[in-house]
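Dropping the structures in below, format is structure tokens.
You will see two complexes here that share chain A, one where it goes with chain B and one where it goes with chain C.
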Partner chain A sequence: MRRLLYLIGALAVAGLLAGAPASAATKNVVIGFTASQTGKLNVEAIRQINGLNLWIEQVNEAGGVKLPDGTVLKFQAKFYDDESKKERVQELYTKLINQDKADFLISPYSSGLADAAAVIAQQYNKILISAGAASDSTYKKGYTLIFQVYTPASRYLTGALDLLAKMDPAAKKLAVIHEKDKFSTDVVEALKKYAEGKGYQVALYEGYEPGTTDFAPFINKIPAGTDAILGGGHFADTSTFAKQLHEKGVKAKMVALLVAPPEPKFAELGEAAVGVIGPSQWEPLATTYNQETAQKLNLPFVGPSVAQFTQAYQTKYKEVPSYHSAGGYVAGLLLGEAIRQAGSTDTAKVKEALDKMDLLTFYGRIKFDTAKEHGLQIGHEMIYTQWQKDAQGKLVNQLVWPEAFKTADVQPYRVK
Partner chain B sequence: MFGQLLSSLADGLLLGFVYGLAAMGLSLIWGVMTVINLAHGPVIALGMFTAYLLFTQAGVNPYLALLPVAVLGMALGLVIYGAAVHRVLNAPHLSTLLATFAVNMIIIGVGTAVFTTSPHNIDFSLGSFSLGPLTVPFTRVVAAFAALAATALLYLFLYFTRPGKAIRAVANNRMAAELMGISSTTMLALSFGLGTLLACLAGGLIATFFPFTILSGGPYELKSFVICVLGGLGNPLGALLGGLLLGGLEGLVPAFMPVSWVPVVEFGLFVLVLLLRPQGLLGAK
Partner chain C sequence: MRPWARLGFWLPLGAVFVWGLVVLLLREDTLRETTFTLMMFVGMASSLNILLGYTGYVSFGHIVFFGLGGYFGFYLLSQQGLWLLPAAVGGGILSGVLAGLLGLAVLRLRGAYFALATIGINEAARAFVSNFGPFGGATGLFVNFQAYQAYGGAGPALWTTFMYLWLVTLAVLLVSALVQGSRFGLGLMAIREDEDAAMVMGVAAPRAKTIAFMLSAFFPGIIGTLYFFKNGNVEPGDAFQLHMSIEALVMIMLGGQGTVVGPALGAVVYQGLRGYLLTSPLFKSLHLAMAGLFLLLIVLFVPAGAVGWLRHRFPRLRKVLT
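Then we have the complex of A and B:
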């Protein structure tokens, strides 16, 4: 009996040894990043890493990425909490590169933090896919290895003005109240230029400190007869701003604010959310990004469909994904696709693949600027959402612009 | 322009009452035991979260919730006093500063772990009323009245009840009060509790109109320092006046210059008062 057991054991070991060389070599690719798990950016940042982790899980489950030489790449996340602080970011990215031997980097959430990480990535010759960072200025510094997933800040709110022109061609007067951080300032500077070019009058243009909770001093300064109020910053301040606009009974044809309105959590504001428009990088309702559209545009379609992504995310995290989640997922997806196309994990080869990339995903089109502002996102478009009440009086976030994505007609904010 | 100024001033003044209430807590603790309570901000934030939890979990009206908020504030103060303040009371000022700062870090740490730092919001509205160019949310008016009522109650307590008189006696001369048979430990603990109670109340009121995180108490703590200096450290009534002054300033300044200049003016005033009238506008007590 004992002899039989030995025999079985020996056979099993032999089988294992024989099996190993038959399956190709597996290599772990370390993706390094920091995430603001704590601090003021944690809502958006956690969604972003949730998205990225979902991609890593899916790609590994599907057998990883196979290179032409037969090597199978499996992905592994290595990350630290940056506490939403810039100083921590640079320290931690250096650590990720030197100690954790990260092969590729994903940016932290928010333009300020991503900009801090970009310097380090470029210095150490590592590719950094910047997710959750829209500021344009990072791409004016001559970096060659930083690639942006989001539509840049300069195109965040300009579409809202196109929408306003369609709502009411007579609208003229704008009030811009924005957070004084890198991203929001980039947005409103481009907005102001665009607005003045279109003949709008920017009657109020003021910035508020990050972390502001009392917006009454700003709201009191909005001149009478203002047609549209634009601006905001990140989730926390923008939702407070929206709440106080409502309480103060401010009248305007349009209120379009950054970042917060597309977040499902914004609905907690109740009545104060009604009518607020927000620019979004991606929405679960924007199902137009599919195989068919890809065919029409003559582009390859890569990755899951909108429905597949939304469902997988919901199953794993028990919440509706926001564009921050989609951004995180797509950052991984693009990296994986670039490695596949390059057939290598070599920085120069993957960079070349990213430079050439022009494709459609569930998140929209992706194409990077390779000329003056290297790495800037030029393929992706913003979508504008508006919180409206449905027949039962329930809050629904509808897509109102551009026309191709529209799920409902835009409604004025409050005119009486 | 006039309409703008009026509504700006009204907003500032109404908020000023609540600033005053928060500062009163800080002022009282300083006045009685010369301790600067650096845990003041997080205690305000705990007041906000207590009101929030009672509202969201038990459906308690945020104004009714002020009662349990006050009870909790008192209990919290007694615990902080017993755990961190009592033993270092007679040590140099730096010790009490560090002790209360430690409490500050503990509350923020635990609060961040429990509530995260994403904003919470009491979805409660009483609507707004309009009067000419003025549109004021009722929550701010109620908060101003509540702050006023709390001040009146504190005043009555300090001047017309035995424990109130005992607190004042301890503040005046701890040794003499002990010789008269007053337990100074009890009175010190009670006044620390009263101080945190006021901070929690202010937090509960602020939570009815501003969203908040566990870190939201910080700015009110800073304002409380300015207010205490304006009104005279240790003088609760001065704190209310200082609060109104600061609120009025916050309403007035933005009408003439960018809003970001408000802190410059506020802290400029802070330095000026320290230089020219260090005892405060009403004088310290």
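Then we have the complex of A and C:
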């Protein structure tokens, strides 16, 4: 009998605790997303979630976001594994919205998956911040609630041409060899247009199938006197391509390839990595994104500094953050900032705040297109890195473009 | 006895009919999405079963018809402005015709050779599409979000797509059941048991196999169009995923090949399990290992599939489970 009384007592206390409002003015904001925890995209996708989780942890520790009416917002992530496959993306996003009551959404990693999620987000009137998805085409579909964090594919390699013009104004002849998938094709199509507009001659324009391991047929086709070789695709194929360019002793003033060169692992190619240029969304060395620059540009600076972010990320995850990590963090940061500016979690108000947003973060400038291609990232710039040998002959990845970020002068790939 | 005079004929059809109807009446979006994934695989597995289960030809290329038919249907829809239903049927017809042409060539191969040839077809189809201009090449095709307005907005469009998928799934099961109970179906099963003997007994094997191949290819083309329409875009990488072909095979084996209920049951159990494990807080990180474990247990202990086992264990059920 006594035991029963204890039990009833305990239940009553528990009931009171559960029933009592935790704190009248605290509200949980659920950020929903799917992430490729397994499957072919898992490395990049996990870094992206790590970045986002770091932001959630920091913002909650700092007391959350305060709204004008005194409500304090705390953030919480809710996510499922999409196995890097599109099949279940829509199912899972519908579940996140309807059952898990997600207030805001972050896109899955990669453009294909993000596209499928965007349909659902727009349909349910939810804001989706797309991180890790660079394709331009998502923003040509008439969405109004999808906002892109990455510099779009169409501007991945155009900066390399500006760099080439600076290196050697006489350079004219280009060879473009790219992976035949959505992302890389989008990149080189825009590149070709840009190059022809600037008076360059695209002497070779070839695509290779995903999974190609022998690039000899393509390398042999590179015409003599080519000034720059541009293209590539994803990590594995681009690394092999760079290696074979080196082995074949190809001469060019510039070699600029997608995705692989900014990765630290690219250094494993040794000599073959020397001189290779790659576009990156963000680099820990790009410390120019700071308060001072913001003042010069007359923009507000929001969030941690590059050093603070890198340090916090390294402490938590024991690895150097990549641009995927930064992208995930910034997706959260932007959302938090937009909510703060809107003073509400209402979709229409937050959308308006995002539309108006023009600011600088450690990741770079953020501004969205609000006209024809709504949500497209137009503020953020790519940074170009180049593998160079330091005085001791060790490989280091330097920033060579844009001018403002330069940590070293650009060197020609191989001319002799 | 006519096939439709048996209770077993109506069981899978009735079950899917009620299932879809319940979803349509409840109007619950999450339920619709879950059901869409499940029904899609019921349709895929059941259509493959017409070839694999009845005729005994193992095809790894089933996804080609999903991909290519879906691509064509999506092309009709997004580039030619066709309405969803005719576009989807167009995709199905293309798949069927393609299977007819392919069948003439590859159905002469038997056993492992046929299986290998179908893998080759998958790769060839992907390479073709990523180089084919009208299909958008490597970047694929997409529809503007506004396209859904023609169906009353994105929400109603998803419901319409679901309804079509439900009808297609019913059609697949109906065709599967009709084939099973027909003289044509008996011919296919004779081919499965011994092709040479069947030909001696008067089964026109090449023609029967080609028709079975075409029937099994028609429906994935429709399903593909519906699925890509719902996603809003299509890319070569998404359209020709070999793993989906393999999963369809697994579902058939799981449920019981050569039966009408088996593949449908296998699809629901396999995909249902995958979906549950993916979202359950307990197994969320272990789902692939769990799915693999279940599969191993089933293959080890119930090789004839669930329906095969039930039919063997409880002979009375043979009338009901066809």
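One rule holds in what follows: the second predicted complex is superposed on the first by the 392 of 416 C-alpha atoms of A that agree within 3 Å, B and C clash if a C-alpha of one lies under 4 Å from a C-alpha of the other, contacts with A are read in each partner's own complex, and residues count from 1 in each chain.
Going forward, a contact is a pair of C-beta atoms (placed from the backbone, for glycine too) under 8 Å apart; a residue touches a chain by one contact, two chains touch by 3 or more.
Quick caveat, the model's predicted, so the values are computed rather than measured.
J.: Which partner chains sit in contact with A:T94 here, chain B, chain C, both or neither? Use first/second/both/neither.
T.: second
J.: Does chain B (first) or chain C (second) touch A:K66, or do both, or does neither?
T.: Neither: A:K66 stays clear of chain B and chain C.
J.: Output check: A:K86 vs chain B and chain C. Expected answer is one of first, second, both, neither. What do you get?
T.: Touch status of A:K86: second partner only.
J.: If you stack the two complexes on chain A, which partner ends up touching A:K193: first (chain B), second (chain C), both, or neither?
T.: neither
J.: Quick check for you: in the superposed arrangement, does A:N42 touch first (chain B), second (chain C), both or neither?
T.: It touches chain B, and chain C stays clear.
J.: With both complexes superposed on chain A, which partner does A:K356 reach: first (chain B), second (chain C), both or neither?
T.: neither
J.: After the superposition on A, what does A:F235 contact: first (chain B), second (chain C), both or neither?
T.: The first partner, chain B, only.
J.: Which partner, chain B or chain C, touches the larger number of chain A residues?
T.: C
J.: For A:L269, select first, second, both or neither according to whether it touches chain B, chain C, the two together, or no partner.
T.: In the superposition, A:L269 contacts chain B only.
J.: Between chain B and chain C, whom does A:P210 touch in the aligned arrangement: first, second, both, or neither?
T.: The answer is second: A:P210 touches chain C but not chain B.
J.: Report, in rising order, the residues of chain A that make contact with chain B in one complex and with chain C in the other.
T.: On chain A, the residues that contact chain B in one structure and chain C in the other are 38, 180, 207, 209.
J.: Any idea which chain B residues touch chain A in the complex?
T.: Residues 3-4, 7-8, 11-12, 15, 112, 116-119, 121, 123, 125, 128, 130, 135, 137, 139, 209-213, 215-216, 219, 250-251, 253-255, 258-260, 262 of chain B touch chain A in their complex.
J.: Under the definition above, what is the set of chain C residues touching chain A in their complex?
T.: Residues 28-30, 32-34, 36-37, 127, 130-131, 137-140, 142-146, 148, 153-155, 158, 230-233, 235-238, 241, 244, 275, 278-279, 284-285, 287-288.
J.: For chain A, which residues count as touching chain B in their complex?
T.: Those residues of chain A that touch chain B are 38-40, 42-43, 180, 206-209, 211, 213-214, 216-218, 220-221, 224, 235-236, 239-240, 243, 247-249, 268-271.
J.: Per the contact definition, I'd like the list of chain A residues that touch chain C in the complex.
T.: Spelled out, the residues of chain A in touch with chain C are 37-38, 80-81, 83, 85-88, 90-92, 94-95, 97-99, 112, 115-116, 118-119, 122-123, 137, 140-143, 180-182, 184-186, 189, 207, 209-210.
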